[in-house]
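Below you'll find the structures, each written out as structure tokens.
In the two complexes that follow, subunit A is the common piece, with subunit B as its partner first and subunit C second.
Up next, the complex of A and B:
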């Protein structure tokens, strides 16, 4: 490798090109948010323009925008927090007591995430109608918690399996209760797993559209639904509306990912590359 | 050692006919064990003898299938671990990575709700005893293996209790550190006056530490008693085989004749015996390596009237510095001996003549392993008396 520095430079250049290519839609959104309507749809892309804050100000003044944004935050954070508490308890049981069929139960839990969302949206809608939970806040937050539990459970179980049983036993013999062992002895050792599960699932919920559209109602709508339903205004596509909402909506996850990238990796590998954190 | 004092001390721990099996495999078989209050009782067993399960059952991490465990006079068989009040040093250090060394040592005290000021003193004392004071504010991952082990021991002994279980706490440590920690542990025991159950797979550690030594094999206590008694006058062939280093030589043999004319015949030699009548004539003859000698170097204090003598070849010699372990081949039979004189005349592949005092040989029933008697000299019982009288 060192014998051909130009070759290595070529590889790096290639990587940069691919990365920028992936980034280009984001760049488009970023620029479009500050362009006037005509500049956005101009046949030859306009790169030099006088930026305007009008689009963003207009979007923020949109009657429902702030409510929907708030709902995005509340539902994402709330449901994932519920999911992580439940998943930690479940993962502890699976990891420590290994009930018969543990692997099969783990598989079943993940099964709703193996099919396209549009395949399960109808049965869930029917269940919610019967329960009277559709269009309700608790229905929505519980649905997203349920939606987040499988991955959280898989990630946390991977981490818990890596914590030696000897820690639990030492705690128990020293006079600790089971709850003490779970929360004061084991939990501090799987903090990276908790962060990974949190970040990983919050991205899912944050960007979720279909269930929010079908199961949610006026009080529980999040931004993705607003994006899809508000895109046509006055018989034409309102590009500056799309771009400026997207820009605002992108910022929180981008900031979060920037700080927690390494946890995303352990999340995607269910804790098996723990050493990276 | 002090038999009288021991008899007075009530037992702190009694295990009565405890059995435990995993799936169909029995791990503990009708195990009974007694530990006297204030004693350092060592349970010594080879790997896979059931030591860790014994500890798990004692601490309450597992329930025995049958049998009773009585601790401080109270039946604790079904008591959860937290209610048994046992100080515990696990085999793996299991130091909490999220706590400092200080936090780790104070852990059992914090759990018991001991006030901070009091806990600080206890931690300080324990750290001082184990010479880890300068590491108190580090985290476990900054420590070496030996330091971690000492922190684990400090955490175990910091607990306010009168009964401690140390599960092979020195396993995997280097020799020098073991020596030092064995000293520390002996000091600790005398300082606190607590009762300690010490589990180990190292026979030398076991013999150095034990007030009372219990030999564990195949899930049951084969024999227990003062280490010296177990070494010199084992009541069971397995005790003789397990207690001592280098390991004992065991030869199969046959008893012939009765009373004064009784003899034992092995494939290497025959010798007269003084033995209780056995159910069968098949016996095992135990020969300590240090009782096997070169004929050309008789021990000064041991002029033997009628030694057993035979020829052997030196197969291998291991120089341990203070003594050599010599592996002999007699035909296709292997014998181990200890040579304290570094006798270079008997080097590898040399033919040597071996001499064994017959009264040093111990006889065990081949079927049950029970002690039967010992060898005697042709001349009569006079020489034997010294070695034999102790057997009763």
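Up next, the complex of A and C:
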């Protein structure tokens, strides 16, 4: 290999071209965010243009935008925090004590994540309407917590199963309480699992649209709903609006996979495939 | 089973020390409780019952009624009529068939492309700026489907879309990708393949990473032809992870709702209306809750079947690992 440095260079160039090709549609939209309205809808695509910040400033000044963005952050981070606490407790119990029905509950929870979103939201919508929980903050955040639980549970149980029981035994024999054993001895061992569950569940909630559209209301709306409804109402689509929102909203996930690349595999496979790429 | 049973009374409480005395009453109670494992499960069971079991029963109940939210008359009990209607209608078979062909084409496309590109990226270990390049490569799969659906409408636009700019340059013709009955299905699949090929690249890289180095080196020394290397060394070792990837992708493509909703809204006609979107429209645009519930129960059964296959594949690996 080292005998042909130019061949290696050519190979790396090829890989970069493939990566850029996959990124190019996103790049095109990011570029559109800095174009003037006329340049976006010009019949011959404009590749070279004078960048303007007007679109982004206009979107930020939009009355609801910052509220919705804040709600995206609050809902995704808050619900995933709840989900991780709940599923760590359950995963610890499932992994250490194996109560009867462990496999069955794990299976049922997993299958709830394999149903189309519209089938999940339908019964919840019927229930929320009767209970009066739709359009409320707690209804939304707890629902998203439930949405994040199966995945966190699977990741954390996988990681906990990999931690030797010796840790628990040593801690207990040396006089540690059960809570101490669980949180101070075992918890630090599964930190990668916690990070993976945290980041990828946040991503899923962050990108979610249908649940928020149907169950949310004033005060619990996130950006995807703004994007979708903004596009759907009335004839002409305001493309500079769409492009700037997309730019602002898609940057955090992209930055997240840059920094947490080694968790990508665990995160995208329910924790069933371990390793790095 | 046996490995995980602790003595009912924790050793800590058997030998009281200065430490245990300082402990909070709650912690002591937990240490002595026989129900500790069950207490840990409390929160998840609450979530499970309130957000899964109750809604499921609700759904089952509603599926036996003719229930239109916007209509003034109360829900009317019709027994299995909704299910019979679904069974008899020709639309549902068209819908399921369309969803199935969408699944096969998008998963197939992403798998083939992903495997080829995964092989290509196999030796990328010393590539300059690898982390950034992989981030760009993996970006499509972490984007919100809503945003993707929206901006692909811009890219596919018949007048100022960049896709048409290229087709005009290359074959001198413009298309209305999302508005034409012949092209909309293919155009939707192309976007889905673009979004999910990176996932299959990721899985291929993971599968290749799981092939033992020694076997590859032996093949290198023996100058085994590449096709044989794939057939006898790479596939047997990497098969499991690839299968898992394909399965996860199949399940995910069954769920596709947001993308066609934003891109084509199921149209033109119902060319790009898949199960998820159809369910949404029955329930939340036509407000036929009874019909929608029956359809939801059918999709639920399909999902449970997928989950069982997934678990079967997982346990297959475990038993095989024990044999070796």
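One rule holds for everything that comes next: the second predicted complex is superposed on the first by the 247 of 277 C-alpha atoms of A that agree within 3 Å, B and C clash if a C-alpha of one lies under 4 Å from a C-alpha of the other, contacts with A are read in each partner's own complex, and residues count from 1 in each chain.
Going forward, a residue touches a chain if its C-beta (ideal position, glycine included) is under 8 Å from a C-beta of that chain, and two chains touch if they have at least 3 such contacts.
These figures come from a predicted structure and were not determined experimentally.
Enquirer: If we overlay the two complexes on their shared chain A, which of subunit B and subunit C does A:117 touch? Say first, second, both or neither.
Expert: second
Enquirer: Tell me which of subunit B and subunit C touches more residues of subunit A.
Expert: Per-residue touch count on subunit A favours C.
Enquirer: In the superposed arrangement, does A:44 touch subunit B (first), subunit C (second), both or neither?
Expert: Second partner only, subunit C.
Enquirer: Let me test your reading of the model: by the given contact rule, A:175 touches which partner, first (subunit B), second (subunit C), both or neither?
Expert: both
Enquirer: Figure out whether A:229 sits in contact with subunit B (first) or subunit C (second), or with both, or with neither.
Expert: neither
Enquirer: For A:64, decide between first (touching subunit B), second (touching subunit C), both and neither.
Expert: Neither partner.
Enquirer: What residues on subunit A does subunit C touch that subunit B touches too?
Expert: The answer is residues 172-173, 175-177, 180 of subunit A.
Enquirer: Which of the residues in subunit A come into contact with subunit C in the complex?
Expert: 8, 11-12, 14-16, 18-20, 22-23, 25-26, 28-29, 32, 40-45, 85-87, 89-90, 92-94, 96-99, 105, 107-112, 114-119, 122-127, 142-143, 145-146, 149, 153, 165, 172-173, 175-180, 203, 206-210, 214, 224, 227-228, 231, 237, 239, 242-243, 245-246, 249-250, 253-254, 256-258, 261, 264-265, 268-270, 272-273, 275, 277
Enquirer: Touching subunit A in the complex: which residues of subunit C?
Expert: 1, 3-6, 10-12, 15, 17, 19-20, 23, 27-28, 30-31, 36-38, 40-44, 47-48, 51-52, 54-56, 58-59, 62, 117, 120-121, 123-124, 126-129, 131-147, 150-155, 159-160, 162, 165, 194, 197-199, 202-203, 205-206, 209-210, 241, 244-245, 248, 251, 254-258, 261-262, 275-277, 279-280, 283-284, 289, 292-293, 295-296, 299-300, 303-304, 306-308, 310-311, 314
Enquirer: Which positions of subunit A touch subunit B when the two form their complex?
Expert: Residue list for subunit A touching subunit B: 164, 166-167, 169-177, 180, 185, 188-189.
Enquirer: Which stretch or stretches of subunit B touch subunit A in the complex?
Expert: So the residues of subunit B in touch with subunit A come to 56, 59-61, 80-82, 84-86, 88, 90-92, 94, 96-98, 107-108, 111-112, 159.
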